[in-house]
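Pasting the structures here.
There are two complexes below, and they share chain A, which is joined by chain B in the first and by chain C in the second.
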Partner chain A sequence: MSADNKKGLAKAHEIYSNRGKYAREQKNQGKKIFGYFCCYPPIELLTALDIIPVRILGDMEQPITLADNCLPPVMCIFCRSAFDIGMKGQYDYFDGFVGAHACDGAERTSIIWSNYIKTPCNFHLDIPHTTHDAAVEFFKEQLEYFQKELEKSIGREITPDKLRSAIAAHNHQRALVRQIYELRKLDPPLITGTEMLTVLIATMGMSVQEGNLLIEEVLQEIKQRENVQEKKSRLLIWGSLIDNAAFTELIESSGLNIVIEDTAIGTRPYWHDIRDTKDPLLGIAEHYLKEVLCPRTFRDSGKNYEQDSEQRFSYLKDFAKYWKVDGVFANIIRNCDIHGYEVPVIKDYLNGLGIPVLVIEQDYSTASLESLRTRFQAFAETIAS
Partner chain B sequence: MFVAGIDIGSTITKIVISNGMEVRAAMITPTGPEHRRLAFRVMDDALASCFLSFNEVEYIVATGYGRINVPFADQQVTEITCHMRGVHCLFPEVRTIIDIGGQDSKGIKIKDGKQVDFIMNDKCAAGTGRFFEVMTDVLGVKLEEIGPMSLKSEKPASISSLCTVFAEQEVYLRLSEGASVEDILAGLHKANASRIHSMIGKLRIEREVAMTGGGAKNIGLVKAMEDRIGFPIVVPPEPLITGALGAALIAREVAARLTPDQLREKKEKRRLEAVTFFDDPKPGKERLL
Partner chain C sequence: MEKDNSVKTMKSAKTLKTAREAGYFGKKMLTDAIKAQEEGHPIGWSMVSWWQGDFIAKAMGMHLVYPENYGAFCAAVRQAEPYLEIADSEGFPNNLCGYARNCLGFAKCLRDNNYVIPEGAPGGGLARPVLMLASGCACDARYKWFQSLGRYLNDVPVWNLEMPQTGVKEYYLPGNKEKNLRFIVAELREFVKFMENLLKKKLDYDKLHAMLDQALKTLNLAWQVDLLRRAVPSPMVSQDFWSVMIPHFYLPDDPEAYSFYERVYAEVKEKVDNGIGAIPNEKYRMMFSELPPWHSIGFFDELAKRYGIAMVMESWNYHAPTPMAEEELHGINDPLEIIARLTYHKWMEHNTVAREFDTAPGFFNAAYLRWAQEYKADGFFAHPLLSCRPATYTLMHTRNSLEEKLKVPGVVVPGDIIDLRVFNSDEGFSKVEAFVETMDHYRELRKEAGMAW
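Coming up: the complex of A and B.
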């Protein structure tokens, strides 16, 4: 059955399960599809040219067979997996590829994408790693250049009005996602972590307009629910992304309800709106650099360890308070250096607030998931004791 | 009230049947390939050893890798919680537990009788019982001899690699250089203690420290750990049994909270029978483990 006949959560699940099929259907209807890597490329510019931005993900279910000839096996296995399935032709419907220097793994993967994967056009955004004025200015210049190159390759210009309405549509999507998060404050939450994941991944493969309609349907559907799941200890996930429902299902069947995710398929792309600035590119630059809270960006910190922790992580304190979080799972995809190096300080900070933290460095493979069950169950027992 | 805790580990299975705070039966046996059949046999043997019938046991908690394969258990609890409870009952002053199992190693932090943090290594044989099993094959010594032998060394051999496969190569290299088996064993214990210490160190080690699991039966590893952390380590009289003991303690606690009717209802659903994952070769005939 195609996604057209379904609504809300069922539709989200259908698209989540068949991302490639859905994207190819869109392409057959004459739409342009661009793949983008991680949550840093400003998809508003793609939307402004009526291009559908499709978030590039890996596949935990497939062993890496081709990518290790091109990328060193000591680097992030998520990047390697995404590259691997790209090499296997699973992203062959892309009309363009947008990579970014988000983390080093994403940068290397993006730079060699055009060597091995024949996407018609390739872009690589150099995103600075600090939030100083000079960095914002540099990033804005990068965006101007990106816009020009995009316009050249599509053969159309992005008018300021077009860009403003694209920003407004994406800001609307951000607000809708935050509305779902509101419904997860309830105990038990009105939507499971697994359902949330399928909704977010589905929208990351749709045009913003279609995505917004889907989220509105989901909101209507879940508002009418009662006790969709049992009350369990409430978990916040921080760290590397999770892009497979098998993982969230494992967690939620181990005595925990996922209530909020501070990850790249979670709050990070949605938590703040892009400001309406005179030059729209300035608003975009500031948003992605200052408000998408991945540790790939160094933020100005305090004078000492305590102030530094407080300034950088007080948003987690708010998440914990308002979403009544009982414990935090720090998810580290093996060899994710940017999240790995934050672990001691995050753990210290959250433990200081009385919140237990479970740190797992995982292998990004569904085959090795089951061995993590004992840890999640033991963590649930730790919280309950 | 009789309760039971059964701990099916990757290598060894343990069971404790207790009445109140008194242990009535405790058994330790190798884990075979088929957990379900084994669980039945171990329970049956333990009951026979203390002249109890299955119906007299009020509540059963299963733990360990094989905990989901104990069809007659009333509840499953992870080995992390069970070890913590077992050790805390024996040594209330312990704050840090180092458990060296057959295929994994764990650290558990206790505060006010509750576990507050834990860490597990199950991706690599270094720092687990399996590492030492491999090395005994290489060196041609028995597992129970390696601890005392290593203590005779005055000059531990240098073992730098913590990968089981590469450490094996390093052992061959040291042997070719003429190092004694005692010195090599001491070096292996030192290298593993260092590996385990760096894992447990993430929990911030606090006194007292207890060691459990098969690794705690290896005096060489216990001494090497003590050298590494700089103070004595507490070892239970039978370090293999703490998980099953903890499971029995939890069983007792849960059973005490249930009404007689609830307990009866649970018992009525429970069967002690040999079930299996596999098809029996001859129906109706007991398949040998």
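Coming up: the complex of A and C.
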């Protein structure tokens, strides 16, 4: 049965399981498909040109083979995996590729990608590291270049109205995702972490309009639910992204309910709306630089360690409070420096709030997942007691 | 701090007399900072920023020390391990940058000793800073590391310098270079404001200008030494460079560094004029990339002895840039803009080669395509580093590009800048032994293709 014949969670699962097939079907219908790295390229610009933005992910189930010739094994395994499946032709439906200087791994992979995997349009978006006014201005200028390259590639201009309408559609999607998060405040939550992951990944391969319809169906479906899962300790996931449901299933079958994720496939792309500014690109630049809270962006340090931690992580305190979090899983994909440096800092901060933290560095492979089960079970038992 | 370890390490004899004298500058940076602190001067811990922030801080009377360099120093004297172990025990992942872990371990010891440098710290240790000057250029560790140091240096602010890392194609978009430069200058102005507020004094622009003039002279001379190294046989090898680089990389504004480079130039020139090679039996000319195993630089002496391999050029990011074209600086008197142009030029100057060879990125990669021809390289020695990953992300791609576009093959020998346990010299020798035949084969291929070397 194709995704068209399904609705809500079943449809999300179908698309999540067959991202390439779904994207190819869209392409066969005459749609343009662009791949993009991480949650920093503003997909609103793609939507404004009726391009479907497909988030580039890796595949925890596939061994890395072809990437070894181009990226060293010491590199972030997620980036290597994404590049590997790109080299294997699994993203051969891209009409364009948008790389981004999100972190070192994403930046170098994006640039190296352009050498080996050719697409009709290719743009590398440089992203500043700070949130100063000059950085916002610089980022906005880079977005202007990005916009021009897209327009050249598609042969149409993005009018301010078109861009505003794309921003509105994506803001609507952000609001819908936040509505699902609201339903996870309940105990037990009305949607599992695994279901949430499949919904988010599915929408990251669809047009924003289709994605919004899907989320509305999901919302309608889960609101009807009663006690879809048993009460368990409530877990917040912080850190590197998780893009495979096998991982969340393992966690949730180890005595934990995932209630919120501060990751790049979680709250980060959805938590804040893009402001309506006179120049829409300014609103976009400010949003992506200031409000996507990945630790890759340096925010000016506070007066001391405590104040600095508070400035950078107080939103986690709110998540913990309102989602009644019992414990935090700090997920580090091995060799992810951006999150790796934060480990003792985030532990200091969360432990200071009385929240236990489980830190696991993992190898982004489903083959090595099962060995983590006992650690999650032990953590669940610890926080339950 | 002393720790016996059974891992085999190798010290290099170095071929230049001046290279053997260069250790003075590393020690000078550390001892000057300690003395300055005793005299009440402010100390800054700084990342290498390709001269973007250094002169401004120094012109305001701040003494800079470089924790990255300190990491290399601790590794070279084989005293990094205890600090690495402390960082591990503090919960930092053990695959983070080795320099960072060394510094995190040292900073914890410093805090635990009430900010008095613990006795026996290698090289006298790092004096307590009032500022940590981070850089977003090259790798994330270089601001994340300083951010995480807040655990031990509680009230020391971090400033992060901005440097755009534009792609090759994007660099050539109309007006983009000027926009990049404008951004750097705007951020430098913010940095000056921040420093004036921190130190409660105004920046002396005349002093900054004078330091910059001196620095440009030193960098120019360092670049001229690089030009001499094109000679066959090679008058100077990487084992020398790793010592000689310290003055131009960290202290180009210091007149003593310039005088030192005059002596380096004279020594290398004399060897070129007399056809004297750095190694007596040069048979193969190789380029090296990235940072070396500081604890085992002698490995390259052994490669020279066993196989006649001269490492004729090395890691792009530690070299002085080619001097900027006159039109680049024409009519520009603002020292902040000159600094911005210098650093940006260093990072972007090889985009022309990248475009010519249709490869990217320009930084970390394209320089080797230029150098392979200019330095008549037979091979490329890629040294992926377990704990300095971002510098090595492009290595395999560079190896592929050199082989595909210039018929220069590469060999990959993994290791680490600090961790002795990761570098297996025996395995390295085996790989290179086999690789020598590959270089012979590719020489024939280049000859058949009518290439010049």
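Definition applied: the second predicted complex is superposed on the first by the 385 of 385 C-alpha atoms of A that agree within 3 Å, B and C clash if a C-alpha of one lies under 4 Å from a C-alpha of the other, contacts with A are read in each partner's own complex, and residues count from 1 in each chain.
Throughout what follows, a residue touches a chain if its C-beta (ideal position, glycine included) is under 8 Å from a C-beta of that chain, and two chains touch if they have at least 3 such contacts.
In this text, all values refer to a predicted model and were calculated from it rather than measured experimentally.
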Is A:332 touching anything from chain B or chain C once the two structures are fitted on A? First, second, both or neither.
second
Figure out whether A:308 sits in contact with chain B (first) or chain C (second), or with both, or with neither.
second
Now for A:168: first (chain B), second (chain C), both, or neither, which partner does it touch?
neither
Report for A:378: first if it touches chain B alone, second if chain C alone, otherwise both or neither.
first
Partner chain(s) touched by A:71 [first = chain B, second = chain C, both, neither]:
second
Looking at A:356 after the superposition, I want to know if it touches chain B, chain C, both of them or none. Which is it: first, second, both, neither?
first
For A:114, is the partner it touches chain B (first), chain C (second), both, or none of the two (neither)?
second
Quick one: chain B or chain C, who's touching more of chain A?
C
Footprint intersection on chain A (chain B / chain C) at 359
Looking at the complex, which residues from chain A come into contact with chain B?
356-357, 359, 363, 371, 374-375, 377-379, 381-382, 385
Please name which positions on chain C make contact with chain A in the complex.
90-93, 95-97, 100, 134, 136, 139-141, 143-145, 147-148, 150-151, 154-155, 157-158, 160, 162, 164-167, 169-170, 173, 176, 179-180, 183, 186-187, 190, 359-361, 384-386, 389-390, 392-397, 400-401, 412, 414
State the interface residues of chain B toward chain A in the complex, per the touch definition above.
65, 77-81, 114-120, 122-123, 202
Mind listing the chain A positions that touch chain C in their complex?
68-76, 99, 101, 103-105, 107-109, 111-112, 114-115, 122-124, 126, 128-130, 132, 134-135, 137-138, 141-142, 145, 295-296, 298, 301, 303-305, 308-309, 332, 334-335, 337-338, 340-345, 347-348, 359, 361
